[in-house]
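Some notes on the structure that comes next.
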Amino acid sequence: MNGSIFVNFPFIVVAVLLALGFYTIGFKRNLIKVVIGVEILEGAVNMFIVALGYVKGGYAPIYTQAPPEAVGKMVLPTPQALTLTSIVIGVAVSALMLAFAVNIYRHYGTLDVTKIRRLRG
Amino acid sequence: MRRALGLFAFLSFIVFIIAVNISLRPFGEPPHTEMDNYFIEHAQEEASANNVVTSVVFDYRGFDTLGEATVLFTAVSGVLMALRHYGGKER
Amino acid sequence: MIEHLPALMIAVPLFGAFIAPIFKKHYKGVSIWAIIITGITVILSLLLAKEVVTGGIMVYVFGADKPTLVLPSGYSVPIRIMFEVDAMGAFMAISATLMSFVGALYSYSHVEKETGLEKYYSLLMLLEVGILGMVLTGDLFNLFVFLEIAGIAGSALVGFRNYRGEASEAGIKYLIVSAVASLMVLFAIGILYGQYGNLNLAYIAKNVSFNMIDMIALGLLFTSFAMKCGAVPMHYWVPDAYTEVPAGINPPLLVATYASLYALFRVSFTLFANIVVDLARVGWIMSILGVLTMFIGVTMALVQKDVKRLMSYHAISQTGYMLLGVGVGLTVLHDPSKLAEFGRDAMAGGVFHIINHIIYKSLLLMTAGALFYVTGTRNLNEMGGLARKMPITAISFMVGAAAISGLPPFNGFASKLLIYETSYRLNPLLTVFAMVTSVLTLASFVKVFASAFLGPPLEKFESTREVPKPMVIAMIILAALCIIFGLFPNLVLDKLVYPAVDALINFAQYHSWGGLA
Amino acid sequence: MTTTIIRTTTKILVPLILVFGSYIILHGHLTPGGGFQGGAVFASGLALLIVANNKEKVKELFNKVPLSQLESIGALGFLGIGALGFMGYTFLKNVIANSGFLFGAPTPKGINPGYLNTGGTLSYLNIFVGTKVLAGLTSIVLIFFLILRRERDEW
């Protein structure tokens, strides 16, 4: 199985998740579903970055009571650190989006994006 | 019409993204690891921590983490501001 | 202490923002605190600009033994986050701090009757932090983090008036746009990291090789930043956000938009400057995008009745001028004779237009905020005869309107003239569009002035008076800057704009700091 | 919402979750985890406390806790630890590592069982970030809870 499509399987999953996320943002009417779409995108990008750091047969980059064969065979730590940062940012963004969604529901009584458009033109 | 156009743009974008991801380097074989090797080798003496990821997060890329904490602070302020009691003058 | 300036630029407003929620209900105190902190950052940014213009690029490595120690001994790759401040970054930093200061001053009276002000001022300073981080950083992931700070703080402030449904609507729109844009930026950063194993802007720029994947990363970065700076296919969030935000936040929010424009320039000039063949094509795309943006923006503006919304559409249209100016420069970047002939001047026009536009558009939006403050409406048809009641606002509006339409001797004229002259050398058709846009802008502002300030005084505005002092002072500062920049454009051009342009053109200098071969 | 089963389970689970969260924060430099993760675990324990009680009880529980001040303190602490580096080094320099101060013992090279008294500024930053994250996430959950309850009262 050396065809590139199977070697790159995690990246294909990332592509599918990106597609799902964009579909949800673009074509769903419920605001909560749009927020979920953004979260799916977030997950896709996080998965992409963490997959970049994988080394075949590598161990977690932590020295505390690691198995002896782990030295010199650790996965890259930077992508994990980046993913951590990006996850927290994702939490922050989704919290604020949900707060706005609550406010919109209180004012318009609906979450349908086609009905709440007061701002146009 | 707009919907069809959007669907077309969406589908072409998806094909593009899948093409990108297929043409990436093979999974599990990073080509350049100089920066990460430095972290793995020097984290214990410079940052004095066994957990290399934590030493990257808080020492080598500590400024990003300050930014990250700031993002959380911003979001909490934003949520508390958006959901505060209605009040003040209507203007 | 002078070598720590880039870090202090971030640390001081961050300190101010973290302290602000402790004030709780002392609204006067927190406003004064915000004015003090933003004032200090203005001074710091002026010092930084002086240091950079005289002493060259300034590097600050976070967490190293010395601020300038980029490479650890025996290593050839940078490993820590660093700030790399060149004249362009310092120029943007000055605009950001100045506008935050003016915004804080204006907000002192404009929002004094609202609640939740400790959060408001905290977010104002955080917005400033986000902009400053974006324009000073030399690390790609750090750019993403600060992009998110600016986006979240900006959208939270857009939703400040939570008793209006429209504000929350505009806020979530802005937040979704900025979240998607910054996620695509992060995706592109991931692609570049996978290729080169590093996140440093200059290091990647040095090693970039231009296979298909790099071009895709360029495309993603270009689209996302164009989306965030309000270029045309993705401009629909701009009018909503600018209309609903309190007028005191408008100046920093404008700078936040142009910080994305700065990131766009940084990506095309620094990160991908080594592409010799395709850069002209990128430049053409940028110029045509600019022309489209200015034309569509101004035509949409003509039909508006809401005064702030009208001005927001003009903001879109003015962004087009900057894209056009810098795009013209980008097309001829690898052609030294043409670059010296008109490319450099075109970029100077584009960059000068950034600060000019920030100044006069903030001024105009603030006068709109002042009108709203006294009349309680933004509909032009309900206003009239206010020139007598609010003379300073009326004069400020006239200055701003003359500047945006490119009339001499105001600052808009200086930068627009540079853009007309140089884009004519590339293709006369671009100039025709730019001039038509300018005429349409003038027409639309004459309409606003006539319907809001002239005409018979309306009975319901009998008791209106001039707006409070802090708002007046903020408007006067900006109006004075409009006139000064218009009368003595060479002062700013020589001291700030041309160094900034040269910093963009001499990308090799940016690539080779700290002894990186 | 608040049945006896949920209240009893909460009573048993919450202390365990809080202890586990504190453990993750304190051992951030040795084992997987750190300030953010530990703070999130801690906040999830408090969130359990919020959803398992009714509005009055929650108000009574969290009235005394200065969440917003805690958050500011965490952020300011981070900034302060970073500013220590201005004394001769750069912002955010790990000045405490290998200095013999609290958390300043040197780490032996290679695989080791892990010593708590290492890490330098990392441990301090973990604690501050943990404080900040638990306060921030708890106040988000709390405000959503209170606002939804308030709405339900009004309808």
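We call the chains A, B, C and D, going by the order they appear; numbering starts again at 1 in every chain.
Criterion: a contact is a pair of C-beta atoms (placed from the backbone, for glycine too) under 8 Å apart; a residue touches a chain by one contact, two chains touch by 3 or more.
Owing to the predicted nature of the structure, the values given are computational and were not obtained by experimental measurement.
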Pair exhibiting more inter-chain C-beta contacts, B-C or A-C: B-C
Computed distance of Cα centres, chain C from chain B, in Å: 23
Whole-Å gap separating chain A and chain C, where each centre is the average of the chain's CA atoms: 29
Geometric centre distance via CA averages, chain B-chain A, whole Å: 9
Whole-Å separation of chain centres (CA-atom averages), chain B against chain D: 21
Two or more partner chains touched - positions in chain C: 14, 18, 21, 62-63, 141, 145, 148, 152, 155-156, 159, 162, 168, 171, 194, 199
Residues of chain D engaged with two or more neighbouring chains: 30-32, 34, 36, 68, 71, 75, 79, 82, 91-92, 94, 110, 112, 114, 133, 140, 144, 147
Interface hub residues of chain B, defined as touching at least two other chains: 20, 24, 30, 33, 35-36, 39, 44, 50-51, 53, 57, 59, 61-68, 70-76, 78-80, 82-83
Pairwise touch network: line, ring, star, complete, or other: complete
Footprint of chain A on chain D - complex, ascending: 30-32, 34, 36, 110-114, 133, 137, 140, 144, 147-148, 151
Complex contact set, residues of chain B against chain A: 6, 10, 13-14, 17-18, 20-22, 24, 26-30, 33, 35-36, 39-40, 43-44, 50-53, 56-57, 61, 64-65, 67-68, 71-72, 74-76, 78-79, 82-83
Contact footprint of chain D on chain C as seen in their complex: 4, 7, 11, 14-15, 18-19, 21-22, 60-67
Parts of chain A lying in touch with chain B, wherever the complex brings them together: 4-5, 7-12, 14-15, 18-19, 22-23, 26-27, 51-56, 61-64, 74, 76-78, 80-82, 84-85, 88-89, 91-93, 95-96, 99-100, 102-103
For the chain C and chain A complex, residues of the former touching the latter: 141, 144-145, 148, 152, 155-156, 159, 162, 164-166, 168-172, 175-176, 179-180, 183, 186-187, 190, 193-194, 199, 239-240, 243-244, 303-304
